[in-house]
Amino acid sequence: MADVCIFVVDDDFLIAQSVEDALADGGFLTATANNGSDGLALMDKRGPECRALVTDVNLGDKVTGWDVARAARMKFPYLPVVYVTADSSHEWTAHGVPESILITKPFAPAQVVSAVAQLLNRESNDHDA
Amino acid sequence: MADVCIFVVDDDFLIAQSVEDALADGGFLTATANNGSDGLALMDKRGPECRALVTDVNLGDKVTGWDVARAARMKFPYLPVVYVTADSSHEWTAHGVPESILITKPFAPAQVVSAVAQLLNRESNDHDA
Amino acid sequence: MADVCIFVVDDDFLIAQSVEDALADGGFLTATANNGSDGLALMDKRGPECRALVTDVNLGDKVTGWDVARAARMKFPYLPVVYVTADSSHEWTAHGVPESILITKPFAPAQVVSAVAQLLNRESNDHDA
Amino acid sequence: MADVCIFVVDDDFLIAQSVEDALADGGFLTATANNGSDGLALMDKRGPECRALVTDVNLGDKVTGWDVARAARMKFPYLPVVYVTADSSHEWTAHGVPESILITKPFAPAQVVSAVAQLLNRESNDHDA
Amino acid sequence: MADVCIFVVDDDFLIAQSVEDALADGGFLTATANNGSDGLALMDKRGPECRALVTDVNLGDKVTGWDVARAARMKFPYLPVVYVTADSSHEWTAHGVPESILITKPFAPAQVVSAVAQLLNRESNDHDA
Amino acid sequence: MADVCIFVVDDDFLIAQSVEDALADGGFLTATANNGSDGLALMDKRGPECRALVTDVNLGDKVTGWDVARAARMKFPYLPVVYVTADSSHEWTAHGVPESILITKPFAPAQVVSAVAQLLNRESNDHDA
């Protein structure tokens, strides 16, 4: 069976690792960037390979997770998007993209896997034709 | 019974009129602006009075409906948002706000009333506390 | 075509009238009680005739809308329930019944019709077998 | 503003008329057939003009509403479908199409308008790109 | 604690194995058939034991996954259904059953577990009474 | 990464253990009580630490899971609630709280993790502001 790759963008290496491990346990591959600019570059390079985006909101540089997701959706209009954040959840209703899920830190790894699976499954129903 | 006011932002007077009439038939009041800049000003002035936003996407000047909705949500994080558009629906997944509804032109007036009512009702369930 | 009857329980005659008018415009019949005790008696008497309940929360006596809805669901487990309230929406997550809609006053009549229709339509899909 | 046309297929003239009236009140145009075979022919002829299908299930001849909806979806994969039925709702989970709404008779006209509007609005969000 | 059994119908032994393993990791038992005819026979024999169906669409013989699911729903009207498919997702809106989930290959095992759990949990809320 | 704690209330030690193990596998911590009174006391003591409640309905004493959940929601209005039950699912529509999930026994552990994750993720989107 071919593989399903998920973009992970997080500047906190421990959280990135924990998300990668949880997704790997669920049978997903991951492609990770550790800041927003690298996230955008990674998407340019490997865009069509990956099927969803999990991004932290505060990425330590000028490019936020809100920016990464919007740029991703301009290229891949139905890419499932999951945001994880400690402090920025109040900005989601203004800066998030539609049909995305926001997970508040602290979170358990199963929440990320569940959110990615739920959006991928919903995506199949709604847009594959 | 007090009144429920809805923001309407549309640069096409006929469509604005048709939306206002449909909302009035449903028992809503409306406050209308005919371009994006006036829409932002109207929201500054009468923001807390109104309970939802219905906005065209292409508003004829630099300020689009995407901008109006994002600005509105920065002030009122849970304001229900309904977009109407003929040509820009493909941009919704990247430029829309979460928990919004997009209606494609041509549309019947009942669609606008139904979308506003659905978001207002859902809003009550989820956020009033 | 046979008729579809909706229970309305509200101690404010003006609001009860406005809800009845809106439902009548949508093609529904209504059976109204003006306090909680009468609401319970009405349901005993005409229960199987009616297909949904619209109830105010604060009903002016000891029996609240929360009580009326819970009693109604004990008899009719899938009866659609719509609450309307000015002050008690913060209690909904603890005292409301599942699969109900809460509408905050002030509201436009179209919101009640939309809520009732949405729950009746959902009910058809899920429970008729 | 251009018009939005809805297919109505019903062998009961009174119900067809009541559905047409309710949709007209909501601002929709209608194109009606009074049995399943005519429904299929109508869709062949005017398919791209119409944006949703409201069909009775039992249509008095061999072609049922289940057949009409399936044939419609083969041509227009995302056409919103609303079934109305007195006796066949128990068959919906096996014979209905995904993302459809089933309304049980007797119903109030507002239920049809609400179901059509809800599916059209959802469709805009999910598939226009 | 008693066991929860899931039907798996897939003519690709590797994928069937991968689905079985993922479901077993989630705590489910499985009963597997490797073509459509065997799937129908299995359901006749062990129907009431199993609580959901995961079926490939193209099963290598005349009986497709669309057929298996429809036959299953005729016997068990609320059986949760998950389709997995590489090439046939465009047929889902016409040939799928309501309240089903379609997963596009390639998929990660966690997607199947998530889809089955989501439908089983939703089913409990809506139909057990 | 900080931890996410889930309340578990069940008078059956084997089921409580199985739920705790499944949640631990998903990366959650648990705080468990084995009857309704202890459940209420546990919530008083450790309330703000925990982010969701998984409760059996029949808890062997006067305090049922319906009571525990209602008491929990009075203190924490948006606490995600998952009920598990063998015999009481028909009471959920009258006695459950809104936005809860009911899981019928027998269930697989993955169903509990999926239900908790789904409600936590939804909660983030809807209420954090």
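As written, the chain order gives the labels A, B, C, D, E and F, with residue 1 at the start of each chain.
Operating definition for what follows: contacts are C-beta pairs under 8 Å (C-beta built on N, C-alpha and C of every residue); 3 or more make two chains touch, one makes a residue touch a chain.
The shown structure was predicted, so the numbers you read here are calculated from the model rather than taken from an experiment.
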Exercise. Tell me which chain's centre, taken as the mean of its C-alpha atoms, is farthest from subunit B.
Key: E
Exercise. For the pairs B-C and A-B, output the one whose chains share more C-beta pairs in contact.
Key: B-C
Exercise. Have a look at A-E, C-F or A-F and name the one that copies the D-E interface, over half of its contact pairs being the same.
Key: C-F
Practice problem: Average the CA atoms of each chain to get its centre, and name the chain whose centre is farthest from that of subunit D. | Solution: F
Self-check item: Shared interface numbering between subunit E and subunit A [over half = same, under half = different]
Solution: different
Self-check item: Inter-chain centre distance, subunit B versus subunit D - centres from mean C-alpha coordinates, in Å
Solution: 28
Exercise. Let me have the rounded angstrom distance from the C-alpha centre of subunit B over to the C-alpha centre of subunit E, please.
Key: 41
Practice problem: Any chance you could list the residues of subunit C touching two or more other chains? | Solution: 77-78, 90, 92-93, 98-99, 113-114, 118, 125, 129
Quiz item: In their complex, what parts of subunit A are in touch with subunit B?
Solution: 70, 73-74, 77-78, 90, 92-100
Quiz prompt | Touch list for subunit F against partner subunit E, complex | solution = 14-15, 18, 22, 89-90, 92-93, 101-111, 113-115, 118
Practice problem: Could you please specify the touching residues of subunit B with respect to subunit C in the complex? | Solution: 1-4, 25-28, 113-114, 116-118, 120-122, 124-125, 128-129
